[in-house]
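Chains: A, B, C, D, E, F and G, in written order; residue numbering restarts at 1 for each.
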Amino acid sequence: MSQSVKKPLNVLQKAVNKHVSIRLKSDLEYRGKIYNVDSYMNIILTDAEEYNSGNLIANYGKVVIRGSNVLFIKIDDEI
Amino acid sequence: MSQSVKKPLNVLQKAVNKHVSIRLKSDLEYRGKIYNVDSYMNIILTDAEEYNSGNLIANYGKVVIRGSNVLFIKIDDEI
Amino acid sequence: MSQSVKKPLNVLQKAVNKHVSIRLKSDLEYRGKIYNVDSYMNIILTDAEEYNSGNLIANYGKVVIRGSNVLFIKIDDEI
Amino acid sequence: MSQSVKKPLNVLQKAVNKHVSIRLKSDLEYRGKIYNVDSYMNIILTDAEEYNSGNLIANYGKVVIRGSNVLFIKIDDEI
Amino acid sequence: MSQSVKKPLNVLQKAVNKHVSIRLKSDLEYRGKIYNVDSYMNIILTDAEEYNSGNLIANYGKVVIRGSNVLFIKIDDEI
Amino acid sequence: MSQSVKKPLNVLQKAVNKHVSIRLKSDLEYRGKIYNVDSYMNIILTDAEEYNSGNLIANYGKVVIRGSNVLFIKIDDEI
Amino acid sequence: MSQSVKKPLNVLQKAVNKHVSIRLKSDLEYRGKIYNVDSYMNIILTDAEEYNSGNLIANYGKVVIRGSNVLFIKIDDEI
């Protein structure tokens, strides 16, 4: 368990190519691989899937999610 | 799969003339070709179509979408 | 089809005196001629008409619309 | 019809002492004379009247309206 | 009637010790004497009373109201 | 009654260790002692109690309240 | 009880590795250990659990919570 204070956004930067689940404020969820991300939490996912209440709704390939809508980002792999 | 960290907004800049689907917070969706885009995700679409729940509602020609309303942008073509 | 990346706000600046339809987040729509516009999308329309669900509600002459309410701006004429 | 690009906020500054109707996001409407206004659209009205759905609700004398609530401002007189 | 363009926030600064009514976006209303105010419209009222639909709900002594909640401020005394 | 214009945030800074009631936009209320506060109205309360419609819901010890949620802060003691 | 004015965000920085409960505006609650946090209250939790109305809904491992959604953060351990 690291004692160093790595900032959340730095951790996200290092999560490029990892699989994540992104929950939006509207309860929609997007799962995919982080292609890139900026300090506003704007994120591009590849192989993106849209879920609503746990059900797969759609496949999106490459999507740009505007950071202002993000509730949380779950990083599946260990960092 | 690129390991480089290209920022989401740079990727959008390079998507000029590509076809995209833009989902707004209000669940409206706009499909068209990116004419240009800025760092706030303000976007001009040409040949824009408005969809609601998957149904075509209207054709708009050229529209300027204010970035603050954007939920996500799906890029149809590969980048 | 221009390959140059003209910013959305520059395009709006050049649309002065053109007819536009402005949809607000609240679904109200305003149609008129752009008198001027700034980088926040604050816009003055002349000969402004207010529509709700496609029905003409009111005529306003000259109105200043606060940019934060704008969903999108449809430019009727070609740019 | 002026071809010059006068900014919306400059036009508002020049509307001091003119009668305006200010519609808020909440559908309330305030009518009165502009005493002053700043770049955030904070506005002081004198002889202010409050309307709801077209009905006069109250008289307020001098009120300071916080700009963030403004939907649009209708300027009654020609500029 | 002054022709000078005194900014709304300057007018508020000069309203210290005057009685005001502050309407919030949530329709709550606070009446009291301005103790001080800043450029964000954060305001301290003394002898503050809370009203809901015109009914006195509570007395608060000294309250700090966060400016982001303010709809408008009615200044009872002449400035 | 002071004529000096002490800013609201300075007054809050001097209220450290005083008892306050903090009303949030969501109508929840937190009562406790100010441990510290910053210019965004982020506040740490100690001995914090949560109230809903006047009923004690929970005790929280030390909580950090994000300033953006604050409606108003009532300072129990005189300043 | 410290008389010094430690800022809320500094206190959060020192709470790394402590257990916290984070209540969001949407009433969801996340409990876990602070991995890191920045000045916007973006927070990474490890061993994160999601609760709704006191019921455990899900386990998330490592999550990045966007600060704009935070209502308050309860720090379980003494600082």
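Heads up, the rule we're going with is that a residue touches a chain if its C-beta (ideal position, glycine included) is under 8 Å from a C-beta of that chain, and two chains touch if they have at least 3 such contacts.
Treat the numbers as computed from the prediction; the structure is a model and nothing was measured.
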| When you check each chain against subunit C and subunit G, which touch both of them? | none
| said: I'd like to verify one number: the distance from the centre of subunit B to the centre of subunit F, where each centre is the average of its C-alpha atoms, in whole angstrom. | reply: 43
| message | Taking the mean of the CA coordinates per chain, how far is subunit C from subunit E in Å? | response | 34
| message | With centres defined as the mean C-alpha position, give me the subunit E-subunit F separation in Å. | response | 19
| At which residue positions does subunit A touch at least two other chains? | 68
| query | Ring order from subunit A, via subunit G next? | reply | A, G, F, E, D, C, B
| Touching residues (chain side subunit A, partner subunit B) in the complex | 13, 16-17, 24, 26, 30, 35-38, 42-44, 46, 60-66, 68-69
| message | Give the list of subunit A residues in touch with subunit G in this complex. | response | 1-3, 5-9, 11-12, 25, 41, 67-68, 70-76, 78-79
